[in-house]
Structure formats: C-alpha cells, structure tokens
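Down below are the structures I want you to see.
The following pair of complexes shares a single chain, subunit A, combined with subunit B in the former and subunit C in the latter.
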Partner chain A sequence: MRPFSLIRPTTLAAARARALAEPQARPFRAGGIDLLGLMKEGLRAPAELIELHALSATEGAEMRALAATEGGLRVGALVSLAALARAKGLPPSFEALREAASSAATPAIREAATVGGNLLQRPRCWYLRHPDLECLKSGGASCLAEGGENRLHAILGGGPCYIVHPSTLAAPLVALAATVTILGGGGRRTLPLEELFAPPRERIDAEHRLAAGELLLALELPAPAPGLRSVYEVAKEKLSHDWPLAEVALSVVVEGQTIRGARVVLGHVAPIPWRALAVEQALVGQVASAELFARVAPLASVGARPLAQNGYKVALTQGLVRAALHRACDVPIPE
Partner chain B sequence: MSQEEDSLTKNVRLRLGFADQLREVTVTTPKDEPRPWDADSALTVVGQPTPRVEGSLKASGAAVYTHDVRLPGMLYAAILRSPHACATLEHLDVAAALAQPGVVAAVPLAKVGDRLRFAGHDVAALAARSRDEARAALSAIAVRYRPEPFVVDTLEAMQPGAPQVHAAAVSERRTEGDEPGEASGGAARGNVRLGPSQSKGDHKKGLRQAKVTHSATYTTQVHTHSALETHSLVVRWEDPRRMTVWCSTQGIFSVRDEMAEIFGLKPADVRVITEHLGGGFGAKFGASAPGSRLGYAAGELARRAGAPVSLCLDRREEQLCTGNRPDSIQQVTLGAGADGALTAIHVVAHGSGGIATGAGVGRSAFGVYSRCPNIKVESHDVFTNAGPSTAFRAPGHPQGAFAIELAIDELAQKMGRDPLALRLAHVEHAVRRYQLELGRERFQWAARRAEAEARRARGARIRHGVGVACSIWGDYGRAKAAVVTVSVGRDGAIFVRNGAQDLGTGIRTVLGQVVAEVLGRPLAEVTVLIGDSELGPSVGSGGSQTTSSVAPAARNAAEMVRAQLAELAARLLDRPISELSWGTDGSARAGRRSLPFRELCQKIEGEAVVASATRPKTYGAHPMRYPGGDNYQIAGVQFAAVELDTWTGELRAAEILAIHECGRTHNPLTARSQVQGGVLLGVSYALMEARVIDRRFGQVLNPNLESYKIAGARDLPAIDVVFCEVHTGANSTGAVGIGEPATIPTAASIACAALHAIGRPVRSLPITPDRVLAALAGQDGA
Partner chain C sequence: MTGATKLTRRGLLRGFGAAPVIASCAGPSSGEAAAEAVSPADPLIDAVAIGPGLAPLDLRLNGAARTVEAAPQATLLALLRDQLAITGTKEVCDRGACGACNVLIDGEVRSACMTLAHDVAGREVTTVEGLATSGAPSPLQRAFVELDALQCGYCTSGMLISCSALLSRARGPLSRAQIQGAIAGNLCRCGCYEQVIAATLSAAGERSAL
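Coming up: the complex of A and B.
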C-alpha cells in the first residue's frame, strides 16, 4: 500500500473542493472498509484520503442523521450499519432494512462501515480484485468471468461485465422506495435510490451515477403505506462473515388478505439491485397464500441468462422470494 | 530368544483393552523400562481435565510468536514472486532494488533459464528497514519472463499432449508430516506418475462374484492449511558459523537441519526457537515452505546485511506457496453378494498436488472394512502448474474416507440396507465396532434416521439427514527420538526440558502432568520448558506422534529421578530401598517413617537430581495392528446430522458426535480441544473450503480468507466428543495419537448425511448450495 495523507476538512465545501481538484487521487473516506481493501490490493493508490468524519457538527449533521420524519426515516450516509441495525424506534415496516444491516459482514465491520460506503463500494469480483489480471473494469478488453469461474456472478442484467452489486443495504432501501440526496456542482439533488446505480452497459468504471466529487449525503425512506411490511432473506455458504450468494428484500402492502402493492428487489444476482417486476405485477390484487407464492416465485428469474456455473442462482432466488413472501404476508411457511 | 536379548528385556503382564473388553496380555519391554501404565494403574494427575498451562499467555496476547519477535537492528524481508503459471526466467537483476529507500540487501532466488512452474514461484528476495519499504522495493527488481504453456486442471493435465509440468523425474524430501510407510515414486506417463497400490485378495474376482455393484466417481477440492500465523522465521547470525532462528514451525529439528545444510553449518551451531506456534496442520516442517525457499532467503539476507532478518509471509503468499491438500478424482467400485457381504472394493484415485507429489488417498478404503476379502486401492499423482501440496492433517485420509464412505452408503441404499449395519458387518477392529455401537445408541440413530426419512417422504421443505463414517490411523510414537530431561532441585523445584514445539495440542501441559504424576507433586510445582533446540532432541509434530513420543520419555526420566530420590530417602531413613514406597503427595515412606518431599530435596547432594530418558520402540499393537506395519491401529467414528433447506440448497452441519480414542487420554481437556479442532476443519472442508484456480490463466482467484471460505463460529455444529479410552500397552504411558484421526471422518459423515437428506448423492466436495440444488433437481452426483 502506498503512503497517503489524511486530509480532515471541516466543511462540505472544503471537502468537495479538495476532491474535485483531483478526483482519482483524492477519494472520500468514511468507514474505510472497502477503500483500504482496494488500496491493499493495489487497485487504488490515492495520494490523499478526505476524511468525512472530520466534518463539523453542523456541516456533518445531515450525513450523521438517523431520525424519524413524518412517519418515514432519514439515514445519513455516515451512519454505521451497526447503528442502523440497533436503532430504536425504527418503524416495524422497515424490518427488511434492519435485517439486512445486521446481516452484512461481521460485527466489527458493521461498527465502522457506513451506509454510504455500503452503497458505493466496489464489486467483489475476483477477476477485478486480482493483481495480475485485467478485466473490463480494471482496464482489460473483456470480462474474464464470462468464460471463467463465474459461480458467484450475475444471472440477470449482465454484460458486457457480469459483476453482482455488492451492497446488502441496496435491496431493502430500494424495496422501501428510498430516495437519495446528493451534493454536487449544481448544489443538492434528490433522486430515487434505484436511479443511483449504473449497469455495466452504461458505465464500466463505476457502479453508480455520481459525477466526480459528488457526495452522497443521506437517504430518505418515505412514510410506509398502512399495512406495509418488509423482509430480507439471504442465502450464504457460511453464516459467519460471508457475501450473499443471493438475497431478496421485499415490501408488500396487505389489506385484509389482499396484496395491494409490492416491491421485490433481488441482490447479488445482477450488476445493480434488481427489481423483480414480474413478481410484483403477479402479486398485486391477489390474495396472499402459499399457492400464490409457489406460483409467482419462479417469475423472479424472468429474463435470467445464467453463465456456465451460476445456474443454481435461478432456483435459489426463487426459493428466497417464496420464503420472503411467506414471512412478509404472515402465511405459515411449510415445515 | 537368545541369552543376550533375554538379559535386555523382560515380560510384563498388563491388563489391556477397553470398556468391558479388558484382558491380561503379556508385553515384552526393555529391562530398565518402568511397568507400563495399564487398566489397573490408578493415576491422579494424568487423565484429569487440565487447562493448558500457557492458556492465559495466549488469551492475553503476552505469548510471543515468531511474528512478534523484534530484535535490535532487525530488517524485514519480502519476496518477488512469478505472476505466471509457467515461465522461463530470461533476465533478473536485483541491483536496482538496493537503491530503493530502506533496502539493505537483495538476493536472487532463481537463475536465468530456470522454469518457474507456478504463479507464486520464488524469484528474488530483499530486506529493508520496514515491511512497507521492503514490499514497495520489489517493483524495482529488474525481471523478464518468457511465458510457457501450462496446465492447472487435473483432468486436463492427464490428457495426452497436455503441457508437461516436469521435464524430468521429481524427487522430494519427505517431511515428518508424511504418513510413515507411505511409499512414493513410480513410473511417469505424461503428467501422471503412477503411485503405490494397496492390495489384498483379487478384486476382479470379487467383482465377478458380486450380485450388486456400485461404481461412481468422487471428487474433492484443493484445501489449503490456512494457519492463522503465516509461515515466518527470523534469522540472526551470532558469528559466521553460528545462527539463531526463530521459526513458526512444527518441527524445530527439521528447521535446524535444513538451515545447517543450506549454510554448511554443524547442526549443533544452529539454535531454533519456537516458543509458541500459530498453527501448522502439516505445512510447517523445515525452514522453508513447500513452494518457497524461506530458510535460504532469510538466512542469506541476514548474512549479507549483517543484521537479523524477519521474513513473515502475507496471506496471499501463504495461500499460494506454502502447501495444500491435493484434490482427488476417485473411481470407486464396490461389489456385494446376495447376502449383502462386500466381495470387492476397488479404488482408482488420481489427484494433483500441483508441482509436487503426495496425492495418495490414505488407507480408509483399504483398512476400515477389512472383512471384505478383495481390495485394491491405486493412487496416482498428476502434476499441474499449481502451488505444491504438502502433508495436511491426515494426508490423503479425508479425501479417501469421503469417497469410500459415501460409496458404501450408496451401495447400502441400492441394497435397501441400513448403512450402519453394513459397516458393522465389515469392520473387524473391536474398538471401532464398539464405537459404532456406542454411537448408534447415543446418536439415536434408528429414531433419527426414521424421522429424516419420513420428512423426505412427505416432501418437507426442511430436511434432515444422518450419516456415519470411520477413521483409521496408526500409532507412530517414535523410539529414541525425544530425550526428556527431568530435574529436581534442592529447593524442590521440578523442571522438565525437551526441544518439542507445541503445535497447539497442549504438550507442555501433558509433560507437566506426567512428571507431576510420577513424583506425586502438584502440577503447579512443575515447570515445563519446551520450544528450543537447546532443550534436547525431540520429534516433529506430524503423524500424531508428539505425545506418544515425548510423554513416555518424560515418564521414564521422572521415574529415574524418583529412583535416585528413593535411594537418598532410603539412606536417610536408614531402611533398605525395597521397603521404601512413594506417597501420592511425593513423600518417601518406609514402615511408619516418612520424609516429606521438600525435606528430602534439601538433602540432595549438589544442585539437583537430574535424569534424561527416551522411550523404546512400541511394545505391541493390542488389540489390532495398522495395515502395513507393527504399530497400533487407532480407531474413531463420527456421526453427523445435517439440516437442509430445499428451497435454497443451504445445507448445514447441525451436530457431530465424535467418538475417538488416543490410548490413555492424558488430558481430556486438550484432547477434546484437538477433536473439536479436527471436526471444525472437517466441517469447513465438507461445506465451504475450496481453492479456485482459473484454468485459462493459471491464477488462483481466492488467495485470501474472504473468498477462500473457512467455517466461522456460527457455522459450527454442536460437537459431542466421547473418548473411548484404550489401554494399549504400546509404551510406558499408553499414549497414542489423536490430532489426525479427529479430522478424517468428518467430511465423509456429512456427505453421507447429505445423501440421506437429499436422497441423492453429492459426489463432490465441498457440498455447496449449487451442488445441493442440482442433486435436489435430480442430477446424480452433482
């Protein structure tokens, strides 16, 4: 790892100005979990890290907020996963977010890792992370996973690169219709979180749509509709510190027994958090039942084009969606 | 027996065996050997659960490992490694690196023209004032490679026309981690080197007689040792002919000998210290790693720099070039008669230890179901351009056990027989039969099998499965290898000295217990000094032989000290020594008179009473021998219960019942810890660990502990450890090994339980959700 300087600006303007002067060489640092990994692996060699934890109380207030807002929730980008997981008074409707925040990585990492960092971390693809190989994302001519060791790669939305998006918070946040506030050259802008993520066809050097020097400030979760419930389900090869093979976060609005709305988001199966729109459409207006879930779960993989080694993710994702629906709609799951 | 032999030996009647199967057995020992402990020996310290004496040092961080050694003026080394799966070195010049900040010395580790046969091969090393400076300076070394064709996939390497990994025959140094008696070396055909086979009867005839046969291919993955402490050593030259080496090793004397050989020194002029060791698992014999000349690099850099040098590998290097358990492709064919009796077992195994040999599959298929009259097991090495394998906890056995045990279950399924009953019908070893029967009751085999089958029959989402598998290992306790010195000072202080290292098994504690037992003193009064070659010859910790080699030697030395003290006491009490007895509190007694231990010690003439002793070769192998030798056969069985989510393919090990024996259990606490560690390793091997290598680039894709997955706390099953103590009569304390047997049957028992839960076999390790889902979808073997 190359030596670097740690810059500690106290205002947002100073932090952004410093970064904008040389965006590649001066990344922001929050939890530092992914950034330090990239530096140790030689994938980044920044000269300066701009420490966001140094922002003054006023300047950093929005980024540090974790507060209820008229039935909804505001989550600053600097809030740690652990703080989110143990936050008191989180509306029960946001259960998927709490479950995801307490499932990622390890207890120690969750204490340092931030919400912003979790959404903006780089993919774990072992070709991208290999010091002696060049893939599409690291300057090479082709995706090395496509014809290689792709057990952990994308079945949906892949090409020309087949990474899976590494964020565990992304799926529940999208399922809960979060919006994200960004500070950029033109000031602040707010957009649906779903629109933050860029598939490889659109952008190969990053997985988001932030411009150089733009800063992710906070997320906002709108007040849940009455009867909204959310859950998060994940499958991992190991329970202690592992990345998901696949995950699903979904929210449903149930009136009586009838499903009035649904957002179903898949993680670790596509280069971006993936809306399973066919499942959502098939659920709305239907009465929740085990039979319904068995029938709609296969729609989760509509459009899937598995690679040689990751076909199992089709069945796995369907199974997770089915289990999540049972839990969200309180329909007893088979023994 | 000749007159001379007769005068050197004696016959002793001992009560040997286990549980209710104890009998009088005559054992021949050397004349001066103490009466071996047997079923009638009432011991008070040995056999008591005793916390390891260095436990608080390790838990508090005060224990000094090789990574922690800091010497004045010490430099830090780093190694440049080839990025190519195969390349010829065309140019190498380390001079430019010497101009880099902090760099003091640099040495080439390869010559121009050398073929570097795997990605990670040594190229050059340098030493600098800090670790960061050393790593940064590597890029200044001028190097040019000419890439060559390579092959990293075992099956591809077996094909005619595959790139040839080795141009000439390969000869390798055996380590103390290799199973003794495993022959190596055979004819080579392409990248395939034919290995030795184990054979009895006529397997072809047996298969012709069979009414039912089962034949399938079983594969296992490359498994890396992944010790928490990476390979490391610190070298300090004391003068041009003498050096001190701190080394993370499981074989202090193999480090000494290798360093002496490399630098042309007398072994006595190389001192090796391993105060504490952060794991070895078979990969840490000698000063070098199997795929990296660490001993030469550190020693030569230290010599050139005129300063001590610390060489500690990083995790990536550790995963690439310090050894692994080879993969395997095993074709298993079984035959059985109409009565269900096995008529033949035939295994043809190929496996790759990368550029090294050692891919044999052990003796599970040959030695466990020995009532089968016709058995043939053939093991062949396949060379690939990947990091070399080396001994790994029970070399060959976990992969061999996985294939034969799952095949046995598949045959039982075909015949509609209970797999445990089928095993009992073919296991000869009385201890193993006893263990299987014990486990059947304790694990509620019949009830749980029935419950799991009912779940499967009604199509439950969550399924259960129950399986069982056996281990086989030999007692390799070595004669005359370890010399233990026991001393009792005038102040009553008791010291035990030996150059053994503690692999993590708790040998410090056991040595203290044995000496405390013999002298009748509290364990707290015994100081055990180990981990330094100056403390007297000892064994490497491989082959599960440390306790059985060192503990009997400690007993014998303590008995000699006690005899000297008894002589002194007899003199002081003015009684003939024949009347003297030794109290359990260490006091000497004769008639109504007694002399407390401390008072007696005060009368020692001179500083201390000192004796050194070793142990003779094994006295015998009661009740059963290990195939191919005269040593005792160690039996073990494990039962596994798994839980399967059929919607996601996630399969977890819920419970393991591990029934093992290590002869006389010297310390049930540390022995239990060893078994738990073996089970943990086996669970991890069964369900998640796998080195992933890209066959197009010859690169390992997961040389880290993130995507090379090792079971963590939440992945562990409930582990129930049961010791079935056996009075072996093999040596003076009755110790035999446990470290390796404890990991042999775990993966096999989980694979059998997985078959039970799914209804179809997963014939490849690790049993990950992709394979489970494929098996659930109806693909046999997955």
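Coming up: the complex of A and C.
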C-alpha cells in the first residue's frame, strides 16, 4: 500500500468537509475491509483515509446506534455485521437480516465490516478487480465479462456492464422496506434503500447514487405488518469463506393462509438488488401452498438474459425463491 | 481472456500468476515516496492526522503495555511480525480470506492483515503467544497437541484464536455447529478440521468437568 495519512475527525461536518475537498483521494473509512482490499491490489491509492470511527460519541451516535424504534429497527451505518448478527431482541420478523448478516464473509471480517460499507463496497468482478486490466468501470472501452469469463456475472438488468451487486445485506434490507438517511450538502434526506443503488446504465463509476462527500448515516426498518415473516437463502460453491452465487431475501405477510403482501429481492444476479416484481404480484391474494410456490418461482427470472457461462443462475434463483417461500410460509417441501 | 483484453503498464511485469506473490512481498513500504502531509493551505478542523510517516501508538499486547511507532499504512500483521518479531500470527492470503492472521482485539476475533496498526491504539491485542498462561499451554492448546489438530501448522494459530474466543464466550456445552461457525473463516489446507473440532470439544469438556 502507498503511504497515506489517517485523518480522525470528531464531527460529521469536519469529516464531510475534509472528504469533499478531494473526494477521490480522501475516502471515508468505516471497517476498511473493502478499501484495504482495493488498496492492497493497487486499485486505489488514497492520500488520506477519513476515519468514521473517530467521530465523537455525540456526533457519531446515530451512525453507531442499533436500536428498536416503534416496532421497527434503526441500524447505524457504522454497526458491524457481527453486532447485527448477534443483536439480542431483533424482532423475529427481521430474521432475513440476521441470517444474511451472520452468513456474509467470515467471522473475523464481520467484526470489522460495517453495514454502510457493506452497502457501498465495490463489485467483485474479476476484471474490475484485476490490477492490469481496464474494463468499462475502470475507464476502459468495453465490459470484459460480456464476452469473457462470466459465470459469476449478472443474468438480470445487465449491460453495458454485467457486475452483480456484492452486498449481502442489500437484499434483506430491501425486502424489509428499509429507508436510508443520508447527510449531504443540502442537509439530511431519507429515501427508500432501493433508490440508493444505481445500475451501470445510469452510472458506470459507482454503484450508488451518493454525491461526493455524502455520508450514509443510518437505515430504518419500519415496524413489520402483523404476520410478516422474512427469510434469506443463499447458494455458494463452498459452505464457508465463499461469496454467494445467488441469494434471495423475501418478506411475506401471511394472514391465515393467505399472502397479503410480498417483497422478493434477488442478490448476486443483477447489478443492483433485484426486486422480483412478477413473483410478488403472483403471490399476493393467494393461499400459500406448494403448488403456488412451484408456479410462481419461475417468475423470478422473468426478463433474464444469461451470458455464455451463467445460465445456471436462472434455475438456481428459481430454486432459492421456492425454498425461501416454503420456509417463510411454513409449508413443507413435497418429496 | 478475449482479444479485446487490455493490459495496462502498471502490471506488465507481474504477469498473472506472479501477482499475489509480488503483492505479498510488498509489505509496509518504507522506501516509497511519502504522501503529501496535511498542508497549511488545507488545515485540519476538528480532526487529528496520523502520518504520513511513522507515528507512535500505545497498546496492550498479550497483557503488557507497549508503545510502538508505526506508519499509517502498516497493518497490525506487519507490526506484529515484521516490526515486533512476534511471529506466531501467520500471513497467508493478506486479504482477510484465510484466518491465518487471526488475533483477538479486546476479545473479538479480527484479521490482523485487514486491520491497521493504528486501529489498535488503546486496545488489548492477544496473539497466539498470549493464550498460554504463565508459560503453560492452555487446555485448548494441549488438546490440539493431543488430538493431532494440525499437520503443517500454518493455520494453527488462527484456529486457536477462533476457538479460544468461542470457548470464552460460549456458555454451556459446545455443539459441533458452533465450532464450525467459529472456524468458518479459517482455511486449513491440510484438512484438519475434524481434529480441530474434536480438540475444541475436548477442551470445552475439560472445562465443564472442573
């Protein structure tokens, strides 16, 4: 790693002003896991790291909070994945979030990695991460995955670049209708988390819609509707150490046996956390059953355009959606 | 790779296979040009700066207070192994992916290769050297020896750290699943996972028999 300075600001204003003066050279550092990885590969060489952990107790309170609200939950951007995974008293409705937080990365990484950093980490595409290659996202002329090694790339919403969004927390947070609060030049703003993410067609240099120097402060999960259940399902090549091949996080509101609401979000198959709207629509108003789930699961891949090597993700995603629905609705999987 | 694949100058020398090898030799770069210091035209407001260049920090290491000097870009792993010659903690991937460099920071398992030396200012760091009490191996360390929980030993210090942390936080009898969860980030190329689980169960049993 090239030499740099560590800047430890005590106030939010100081952190933002310092970063804003030279955004490329002065990234915020939260857990630093993604940043250090990029810096070790020589993909980033910042002059300064603005350390968010240095914020004073009062200035950093919102970013560090992990607290129940009226029935819901507030998760500060600096909360670690490990703290989220072992939080006591997380409403059972938010199970998908706990499952995702305790399955991402490794136990040691989860202690350092933060919720904010997880949502804002760069994609794992091996062309983007290769120190010697230039792809669309690193200033080159074309997406090297489109005609190259693309077994881990997007089947949905891809083009002109085919990354998959790397964040394991994104899908459950979107499934639970999280909102995110951002601190920027115009003050604070709150938006649905879904709207934080930018597909490559909209923005090629980043995967989010934050402006330079903007800080992600916290996420808020609204109080779950009565009967809301959520689950997270993931497929990996290896049971531990590994990145997901495909993930699904979904929440369903079940009244009696009838599904009254559903949010189905796919991970690692698209450049952004991907709402499977066709599945959601096909579920609402229906009675939960194995037949229903078998019928709606294939809708998860509506619009999919697999590349040469990632066609397997179509069946994998459908299978994960089906398994998740069975578990969320307590319907046994038929033999 | 396709014909359109473009190589940049930065890495021509490295070649694909050699890249990780060279990267792992790079270490903390004392010889490299220093980054520009915080300039008077760009003063710090409500903030302190560490570096560029060596800066002191205080920590507790295996129970003893230490004051050391480290560059901002030095990882905790480089501080331990290269600077302090405390080499029980191993370096394998240097990317947070193998668990060989696991240490305890205030009792939490952390990857020393993905932690900066200055992150541990004011904190308590425990390496594998700190698991023994007054020179005697811990019950877990003894169980590793007795039950052959290692072959080459390269993963062992990381395994011991992960399993020690589990033993100190878990109450009641341990399950296999708990141990599997605790070592989910520890890669063992020799495939000693079963013996590591057996040794940890044995140490837990010994403890509850007391």
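The criterion applied here is as follows: the second predicted complex is superposed on the first by the 333 of 335 C-alpha atoms of A that agree within 3 Å, B and C clash if a C-alpha of one lies under 4 Å from a C-alpha of the other, contacts with A are read in each partner's own complex, and residues count from 1 in each chain.
We take it that a contact is a pair of C-beta atoms (placed from the backbone, for glycine too) under 8 Å apart; a residue touches a chain by one contact, two chains touch by 3 or more.
None of the values given here were measured: they were computed from a predicted structure.
When the two structures are aligned on the shared chain, A:G148 is found in touch with subunit B and with subunit C. By the touch criterion defined above, A:A278 lies against neither subunit B nor subunit C after alignment on the C-alpha atoms of chain A. In the superposed model, A:P3 makes contact with both subunit B and subunit C. Subunit A is touched at more residues by one of its partners, and among subunit B and subunit C that partner is C.
In the superposition on chain A, contact is made by A:L133 with both subunit B and subunit C.
With both structures placed on the common chain, the touch criterion links A:A290 to neither subunit B nor subunit C. Legend: residue contacts after superposition of the two complexes on their common chain; A:S240 is shown touching both subunit B and subunit C. Look at A:A223: by the touch rule set out above, it reaches neither subunit B nor subunit C.
Judged by the touch definition given at the top, the superposed model places A:I333 against subunit B, while subunit C stays out of reach.
Of the two partner chains placed by superposition, A:L210 touches none, neither subunit B nor subunit C. When both complexes are aligned on chain A by C-alpha atoms, subunit A residues 1-3, 131-133, 144, 147-149, 239-241 touch subunit B in the first and subunit C in the second.
Of all residues in subunit A, those touching subunit C in their complex are 1-11, 13-15, 17-18, 21, 32-33, 36-37, 40-42, 47-49, 54, 82, 105-109, 111-112, 131-134, 140-142, 144, 147-149, 239-241.
Those residues of subunit C that touch subunit A in the shared complex are 1-2, 4-8, 10-12, 14, 16, 19, 23, 26, 28-29, 32-38, 42, 44-53, 71-73, 75, 94-97, 99, 102, 108-111, 114-116, 118, 162, 180-182, 184-185, 187. Taken in their complex, subunit B has these residues touching subunit A: 83, 119, 132, 136, 455, 460-462, 645-650, 652, 687-688, 692, 694, 696-697, 699, 701-702, 706-707, 709-715, 768-770, 773-774, 777. Within the complex formed with subunit B, the subunit A residues making contact are 1-3, 124, 126-127, 130-133, 144, 147-149, 151-152, 235-243, 245, 309-312, 315-316, 318-320, 322-323, 333-335.
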